[in-house]
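Okay, got some structures for you below.
Both of the next two complexes hold subunit A, though its partner changes from subunit B to subunit C.
Showing the complex of A and B:
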């Protein structure tokens, strides 16, 4: 037994004896790291009292009532939706076209298209935000609303494309041949075979795009400037000038929207559906 | 009159000639296989008949009507795809009824005919399942039912059985034959697997490098192969190098590595001239193996005027009733023999012989270099 072995052996024995318990500890620690702050936030949304202090004196639904009677917050939700819904529609349409082109056709610049469509994920948001202010508001002089919708489309396209593209790639094009062989023309084949098979992926891409757009802060803050705030911008303003536990409530609303959208997206792109050819 | 008539069919992909001037016919009710190694163009022929590829040149007539140029959905043929291509979002019954739905068959009749098809392929009660819930063999049956339910003039098969294990494949082969007889449909089956092709087909079209090598019944191809390629491809074959020494009315004289043998004239499909280099081919099952006392490998131990040599058994394998021996011969390199006797062992010295009447002779003009294949594949 070497010197090194003598030192490490007890640790190895310990690791072997407690392997599954150690794994559990690590998993719990990681999940706690990810979710504890959010859990505290949800908990604090039921806290009484006017400041963000922990632990709260008692629990209450007061701030939920305040939120529901707060016209400014509800207006912010409406403002967000008037941006997110059209932005999602445009983003999904463009992403579907990009995915279709990248999957079906070999054309010059195909790999560049794929790269450029997904690259914005890694560009710092602040950089793109400033660029958009310069270009849309400054150079083109577009109205705030148009600029912010375009910004949201740009923000969501990479993610929607990344979700939709695998759906097209995993779609077996022999199915289209089989359909035509059995007497369906091009249109009927698209309607009865292609669309049902890629639709879940497109919807999942849309849900993800909507969630991102609904939560989008940086671009919106830069591009939209003044005017009616979206919900994330409203929260930001609240925290800056007037901290109340109502902010926690709004954050919980966000969380609920985001989690339910993502869960819906995950269930639509069921792994077995993608796995089978 | 033939149901399918293919004339001068050619398909080029850029510089590559995938299918080169192919002619063949399929008669009504026939089971014809296109057999060839991968890359021989057999699938391309099938896809042109189905309408997925446009021929560069040539004619395809179905029931005397030219179909080149008409889209797949207007052709009275249905295909069973290699990977089956069952619709994953539809149930088994919806898959089978898909073609009927496209041609506007009312729902009642559709259900009834789908039911009948499920019975035909012995999948009663499977209609409500999805394809992914079925085993490989069951999926094959669904694909077959989906093609047959439309009662097409011709059903095309693109190697659908290749993914099955041997036992299931053999079972599906006999099922195919039964269903073909029951439905009185014409089948055109593409495969690289000679075992499948020999088992199921009335006639075979052997394709290599885009060109037809031979068309004929299984017996014709096996007993009278038109080329060394066909002899090699349809069943196993031993090849011995030789040179023509004499040609007269009834016989051809051959020099096979020091021994003079004369063979019947009709053993050669093409005209041979003196000094032509040839391959003398013999099926392993026509090779005799006998025990020998001769210990040395001297030439004088060989029987003159016959295909006979001594050798050492290098390998043996039992194949049910037969045993296959690989024998390193003194004269002709390694040969394989398939005999009833299991009496020989590795390292035994034996005499190997066969009748001159059983051989086939092909000129070696560089088209297929002799590689001393012992027939095992």
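Showing the complex of A and C:
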């Protein structure tokens, strides 16, 4: 036994004996760190006293009623949806084309396409955000609405592709061969064989794209002028200039949208698909 | 398969007759009816494209390629061009935006601060995230559920997650009130560096756990067994087998945390104090209040350079960042 081994031996024995327990502690502690703030947020949306007082004197649904009668907040939701729904549709169509092309064909620039479809995740949002406002508004002079929808499409493509591409790759292509052998052409085969098989993945990609677009802030903040704010921009203004307990309620709305969308997406695919890189 | 000429009927039902076949025939007839319509034209198109593979590839890869180039890559190039113009888009050519930035002690201090915070955040997130991923992969059976619980917060609004911490950290907020009830002094952490670190750790932790998790799952468990059979304890096995074998995932996680932290403005704006300026906030100012777009563009280029250098380093060291969903290793 070397000198180093003699020094480390007690630590090795300790790790051996307590590894499993330490793992449990780490898991519980980190999950608490991740979920307690969310729990606080939900709880505070029922607090009577307002934002500052914790613990609250009593619980109430008052702020939900305030929220439901607040036209500005509801308008912001509608504004968000008029952007997110078309952006999601376009993004899913484009991501499916990327997945199909990358999976099926070898063509010059194939790896560039993959790089382009990944880069928006990596380039800091603020950098792309200002680049977009310079080009869309400054150079092209696009209307605000068009600029924001395009920005949301760019933002969501990488994530949708990340989910849709693996479903294409894991699809058994012999089914397509069989379909073509039986006389179907490429379009029929895609519609009747490929699409039903990859459809869950595409829907999952769409749900995640929608969630992302619904929450999108940075691109929207830069690209969109002073017009009707989306919900994230609205809440940003609220937090920065006049916090009301209503913000807690809007937070719960965001949470509900995100959790239900992601759970639906996960039930359609596998969790590790989202985790896969 | 025999390559003999066959009629349509034979193709659909090569054998037998009777009612089922009649039914099938009717279906074929209906299909044939639409085929002369929209589907027919689409079929003609696909036949046309099948005979021209290049055109076919172009028709599928072209639109997303074009959109990503025109609305993502070109704007970044436009930013580079604008960064050399004075005061406004289309202004006189100048290097002033860069010289002004790189000779200003204030801005360089801000860059240095941003760098230090990003390093701290990355170290914390990598440590905690790897510990969590390792615990889940090696010691838990309910990996899917746990992974889901880790990912879910990532999909809620970034601003909402920051707001949650405002609730907790502000003076007389949840944290201080809880400490108060326990008879401990208040911390009033909001608007401090600590608050910024907590906020960043909170938002990036799920993001970093994913590549860590992926690389740990791909690790061959036999290697660990072999190491233990050869007499290495768990710590030595970790340091000489597990960590080196998952280093690609670690590098990917580090890059995924460092880059967005370096460019962030939301977290320091909401959780940091007035002297906790980060470089992303300077850009935001140029676009939202100072309205010197070219100067903001120049700072954007400076950030991009940092990002590119980091990516090149990471690729050299072996992080698998590109190729969405493609090769994992």
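By our rule, the second predicted complex is superposed on the first by the 240 of 277 C-alpha atoms of A that agree within 3 Å, B and C clash if a C-alpha of one lies under 4 Å from a C-alpha of the other, contacts with A are read in each partner's own complex, and residues count from 1 in each chain.
Everything that follows uses one rule, which is that contacts are C-beta pairs under 8 Å (C-beta built on N, C-alpha and C of every residue); 3 or more make two chains touch, one makes a residue touch a chain.
Quick caveat: nothing in here was measured; it's all calculated off a predicted structure.
Participant: Which partner chains sit in contact with A:208 here, subunit B, subunit C, both or neither? Use first/second/both/neither.
Facilitator: Only subunit C; A:208 stays clear of subunit B.
Participant: If we overlay the two complexes on their shared chain A, which of subunit B and subunit C does A:133 touch? Say first, second, both or neither.
Facilitator: So A:133 only meets subunit C here.
Participant: Look at A:146 in the shared chain and tell me whether it touches subunit B only, subunit C only, both, or neither; answer first, second, both or neither.
Facilitator: neither
Participant: Taking the superposition as given, does A:74 touch the first partner, subunit B, the second, subunit C, both, or neither?
Facilitator: In the superposition, A:74 touches no partner, neither subunit B nor subunit C.
Participant: Considering only the touch criterion stated at the top, classify A:197 as touching first (subunit B), second (subunit C), both, or neither.
Facilitator: In the superposed model, A:197 contacts subunit B only, not subunit C.
Participant: Using the superposition on chain A described above, determine whether A:175 touches subunit B (first), subunit C (second), both, or neither.
Facilitator: first
Participant: Between subunit B and subunit C, pick out the one touching the greater number of residues of subunit A.
Facilitator: C
Participant: Report for A:183: first if it touches subunit B alone, second if subunit C alone, otherwise both or neither.
Facilitator: Both partners.
Participant: Identify the overlap between the subunit B-contacting and the subunit C-contacting residues of subunit A.
Facilitator: 181-183, 185, 188, 272, 276-277
Participant: Show me the residue ranges of subunit A that touch subunit C in the complex, using the header's touch definition.
Facilitator: Listed in rising order, the residues of subunit A that touch subunit C are 8-9, 11-13, 15-16, 19-20, 22-24, 26-27, 30-31, 33-35, 37-38, 40-41, 44, 51-55, 94-95, 97-98, 100-102, 105, 107, 109-111, 113-120, 122-128, 130-136, 138-139, 150, 153-154, 157-158, 161-163, 165-166, 169, 181-183, 185-188, 208, 211-212, 215, 217-218, 222, 232, 235-236, 239-240, 243, 247-248, 250-251, 254-255, 258-259, 261-262, 266, 270-272, 274-277.
Participant: Taking the complex as given, what residues does subunit C use to touch subunit A?
Facilitator: Per the stated touch rule, the residues are 1, 11, 39, 42-43, 45-47, 49-50, 53-54, 56-57, 60-61, 63-65, 67-69, 71-76, 78-79, 82, 89, 128, 131-132, 134-136, 138-140, 144, 146-153, 155-168, 170, 172-174, 177, 202, 205-206, 210-211, 213-214, 217, 233-236, 252, 255-256, 259-260, 262-266, 269-270, 280, 283-284, 287, 293, 296-297, 300, 303-304, 307, 311, 320-326, 328.
Participant: In their shared complex, at which residues does subunit B touch subunit A?
Facilitator: 50-52, 71-73, 77-79, 81, 83, 85-89, 98-99, 102-103, 132, 146, 150
Participant: Applying the document's contact rule, which stretches of subunit A touch subunit B when the two form their complex?
Facilitator: Going by the criterion above, the answer is residues 172, 174-175, 177-185, 188, 192-193, 196-197, 272-273, 276-277.
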